[in-house]
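Here's the structure, in structure tokens; my notes come after.
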């Protein structure tokens, strides 16, 4: 159903675990990935170092498949798989198509040992690097950035893995929050701009890395911190070592992680997602002009902002739309003419709340506008008197080169219609977006964020060949 | 995961559709059942009358399997299955075990024609009837009430199906909201006490019957009414005929449908579920003595009541617990020592909301208390200063004989502990239940409800052999 | 693929096991059924009595599904299921359609206890019995004979199960080789005509009943004998008791079991299948007039007869057709125009053997002639000079009412064409069938067999309502 | 079950198809691979060039999975997939383990275009080549020879794909029969020694390449010839071009293809498999000294040789062992103590044939001897008086480096026991192997074959690093 949806696509989530003593690493990866399922529902995979008790060594075992974490990886819950380190990945496919070849982690052996990578982001100079490597005789079995990175490490003239890795990182542009395995070491890396979030946490027995803190919570880790932009962390039995590989770059975190992608109960970029969203909702309320009876979220992405709006405005908060617990990806409605049915299956008004009311309806953002159009018609049908749509994101007008799948400019409704035009188009009484300056005020360090999909000012210039 | 859960079990949901003209009935049943998925997640099934164009007749086709609606029935979305009537069922198994034999609808042919039944409820004198039929030479392939009812109709000395059905209904005690197919007729029946909900609705082309109105909404039906307790409806191409088969019985609707089972966006018993729950929450607030900083629901069953509580109390409403979108039934955690993990996978605190706060935590009811105990420890871990648990149901102390699976009396925490004892046991600062008189005030016709699981006063005396 | 095949359909196979001491009965049933897989590939099932150690009782557990034995039942190989008795069934569906409702064994409880049946054959007066039971108020959830029999036992006025069973058997006409469970007893029954085979065997620890001896071999049973026509055997911890329930009936065994259905390494009807088939082949050779270079079977059903033909004729035996090991039921070729492809996927000539040769091609029987037509064209294509088709069965002209699925009279090629006409139609140089007197000479007791599908002389008059 | 078997492992089968006009290439690959299923049952895959009608180009689509052809690829039978070329592969895993990473075909893009390979054989200097490539910075995602070859082509300094391919082939040692796709060209290659078979065939509309002619037969191709050792064929819309890349090498075909691997109805190495096997059986008979009553094969691998033996010796040929039609890979018997059960499930004596007889039992070869031991005990149990085991292969004593998975020297029974010792060990009255000179006499060009697993004389020296 979500195929016909009308949200931006989460890209990926990563997790990595190192344990001082042999532990059931695949199980830990399972729980971590389960908490990150919202970041990618099309494939799931892990790679862990299987202990070979006979000779004290290990070898990497990879298992990945199309499907959800619970389907693909539940086999690992049945019995222990002694190991000391592993990484995991959930993915929503973008350019690469929905192919298993592009599923991650990717493991390979090369002249600098065996390595595996799971990666969240998008290398914006990938085409150029690809062309160079290809010219030099590399083969590409997928279109994923991970394969590119492994090639670069193998190709590097540097004498060892570590220096080859540093050299490689120096050539990458764009977004990359990565976890890697190299022999008996877990490595965590975040690009110098810090586009995608990454956290590291510590408990008595394990060290774990994950895209969002909700995954660390699943592992009962309370002591954590952000992996810093441009930081590289080496984690092994001797402890954790930190290095900086790109000093001097200004952070440009993806503001959309806070607006929409991350889970409300996570921290990303040292910000509470829920509280930041509440602040965005409050900011919307500050500029309000419409008179209304109540504030309602489009669940669940509009929940936090609607709460913030309600608190700021003093209007009553209501839950006048329910989100079906079972509306997942289990089947595909055959024809697009059934899009209305798809929305109806997911979201449904509570007639008694909506009837006769002037409603402030809060959601995160507007992409194509198709879902909103249907939703508003359902609300009218349920008797709503006025529907004022408020978005906690500014108008999306430009593509993203840092790992988010935004439709083409033509499909983005804000490129063809003004807010008033949109209101007319989707049947709302009014439509308003959060202004960028207001958005910046909701953040501790408003300057340290990327807003390119709203402004077209790209912090790292995309390079396509 | 839910196996280890700690809620009452929804029993069943039913839907029936009749169309004036041949239509894709299985598809309509699919959408109706999809909306009722929360009433039973273990098996799904439909029975429809397949048109035989050659001779203008039809025959019943049944398809049912263990699994969710989208898995079991999505095959019916691919191509049209011309038909004019059908029924469907979702089920959570109770006594009968999780066996396919007990899945519904059940179709059979007998001396009064071909018939199929889907049933929600529990016949409280089933054992006695069973014994009698068995003595007379009936065989039982399942333990379901539907098989019993079909036997009784076949056995009846009445000359035709209709009079045999009426005779049979007269002998049934307990809860039964049913949809039936008999030849080219759809029949809807509700027991004289009206324990379980049932609605009938009409659009231009179809007449549909369903447990809750949310299923009728999926079929774009806006014109509906309750099937009355003791009412029987015959729906065929000549229209709808209503009869009453047990005049004079006092309605005793299951109050738990409103407290917990039904979807908040449904009407049941001519009440809005969401608004009734808000009223229950408000009623809880009226008797409050604790001082607190904010009100939070245990999502999603506590949502509406928490909103009502907040409005009544004037305390801020917060969403300090998130409910994982992907926590379903896809796998079973191997050991019960992992129960904590199961709760953690489903519910997770927003640390920044909870930290340092005195919290009113609102949920629907308390069964064993195990989930609440873990949940409160998660909230303490996240820094909550005080947690006051409020339940929008009274204390559950007795079994239900009308179709709800309540644990044994020994397992019900309210049979061994007072609210204070429970608070100590689960680590809450206080625990309070809604008082029955308060609960009755939330209902249009408080007297017309069953409260037996709280009081032990059974409106229909259970009869076990 | 076999859907488009052109053989008679095996009907069913049954197995039953009783063990003096608790044993892994489902595993034993698995192995027995695996050996009987050729008797039915569409569904498999078992019912066994699960020991309840707590109170020394047991209850029947049934598991059945559409699919092959190894798919449906391999779950039972993983761990022990302590039990002392059980029955199993493989099925090829006939009239009842390929529906799970008709899968066996069928278990039910009634006034005479709990019972389960697995049945091979066809009750030829089923419609009449059905009508009577229906009139008396029985309901039918399937179209299977097993449900009918259970109803009759339950309905019987006899005071106990055993006498009710005997009474019921007295009313059944047609073919029934059955295994039953009743409480802690395994019962084996064969109809008075002995249409379908049934054997009982004994090892130190178990007593087993099966359609063919190959299933007893799998259980390492060497000491066995035929269950006699009209015999009923009660097997429990006190031993085996035999009774005769229909003295005086003349046996009429299905000659087609020997011609085609049974496995060559089995005994049925106290005859070796392989040796009897060899005798049939030899008998064909006795009446031969064609000159030829070699004898070849259509594998595997023609193997034994071809060997017998070669020995008798003195012509060299060759294997000039291979039968693909992997041609099973795993997929269905979409269009019937692909029937040629289906034959090609299963049978393939060895060009170097066939080229330039005059060939006696031996198969068991001719039904529609479609496969033979394609097969002969493949042989011509491979260079065969002459192809003389010899069938070890007489011409099939009439339907069977005793459990074999024979196409309608119109579809049977021998009803429209003479052997010469068939030869012209399928492209053979000549076609000859085994004469009935010759066939009778191959059997120890030629008079004790049914030949109705060749002659139209039905030993038990079919009765349809 | 076969896991516990005791045969040599077939390695792989390949097929390639080029069509002048767009055709349903995946369907053709399906049928070809279906006929080659006996060459590998663990994974199946295809890669075809999907036509992009918009711009007249195409792109390679790969689909492969663990499982049988009918399971993995039947999806391609449902609707047409217009294409002009594709390749396919079935695989039995050897060193690489049963991992999907090693499944074929393998597709990749590189500086010389897009290419895909499916390969049958084993590169005996792979380790050395691997080491060199790795040193130069190549990464390895699998342990398959196909990945190696693609790397070498990409790495080559030659200016174009074709010359790079030729250069690469010049460096490969060992066995490789390959089909490749490069842009719109299908390429077929056979190593200079011709270890593994490969045929090319032509019909009006398509050109196809396959390991054995039985796959060409499925495609209704009658006009075919061997791809010659050291030949490379370029097939595209302009026709077929042949080149020789390693003139002067002496062919060393794998004699085991004729003894055991290939299907009896195939040609390989311009020899009829069935007739060659018959000759081997006859050769065994020439040196016979034992007196016997009959000759019997171990089906199906002993069939042809047993026939040849019987013809030569004048002894009657009998089918005294049946091979179960359904004994496949569908499940794994849990413990090795059940090996006897596994043999019993696959092979079963016809008691009436065997009893009291002195039997010449013919099979292809003896590896560990475990199966034969059980089999002979089953025959004794069935009453065989004498069992003389005859093998149509010489004694296997050495490993194979050219693509066949032979157990370690220690496990090969002929390394520890003489024929008489083996007879004693497995319970046979005598055991005899075919002598190498006799074997050579059965072949048109006895010198042109490899016999290394019998003699230790390796035609290409294996090189491990």
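As written, the chains take the letters A, B, C and D, and residue 1 is the first residue of each chain.
Keep this in mind: a contact is a pair of C-beta atoms (placed from the backbone, for glycine too) under 8 Å apart; a residue touches a chain by one contact, two chains touch by 3 or more.
All values reported here derive from a predicted model rather than from experimental measurement.
The minimum number of touch steps linking chain B to chain C comes to 1. Inter-chain spacing, taken between the CA centroids of chain B and chain D, is 60 Å.
Centroids of chain A and chain D (each the mean of its C-alpha atoms) stand 47 Å apart. Note: centroid distance chain C to chain D, computed from Cα atoms, is 36 Å. Residue positions of chain B in touch with at least two other chains are not found.
The touch graph of these protein chains is a ring, one cycle where each chain has exactly two neighbours.
Remark: the chains found to touch one another pair up as A-B, A-D, B-C, C-D.
Interface residues of chain A, counted against chain D in their complex, comprise 62, 101, 106-111, 134-141, 147, 150-151, 154-156.
Of all residues in chain D, only 31, 34-35, 37-38, 68-71, 74, 77-78, 214, 217-218, 222, 263-265, 272, 274-275, 300, 303-304, 307, 311, 316-319, 321-322, 324-326, 328, 330-331, 333-334, 341, 344-345, 348-353, 381 touch chain C in the complex they form.
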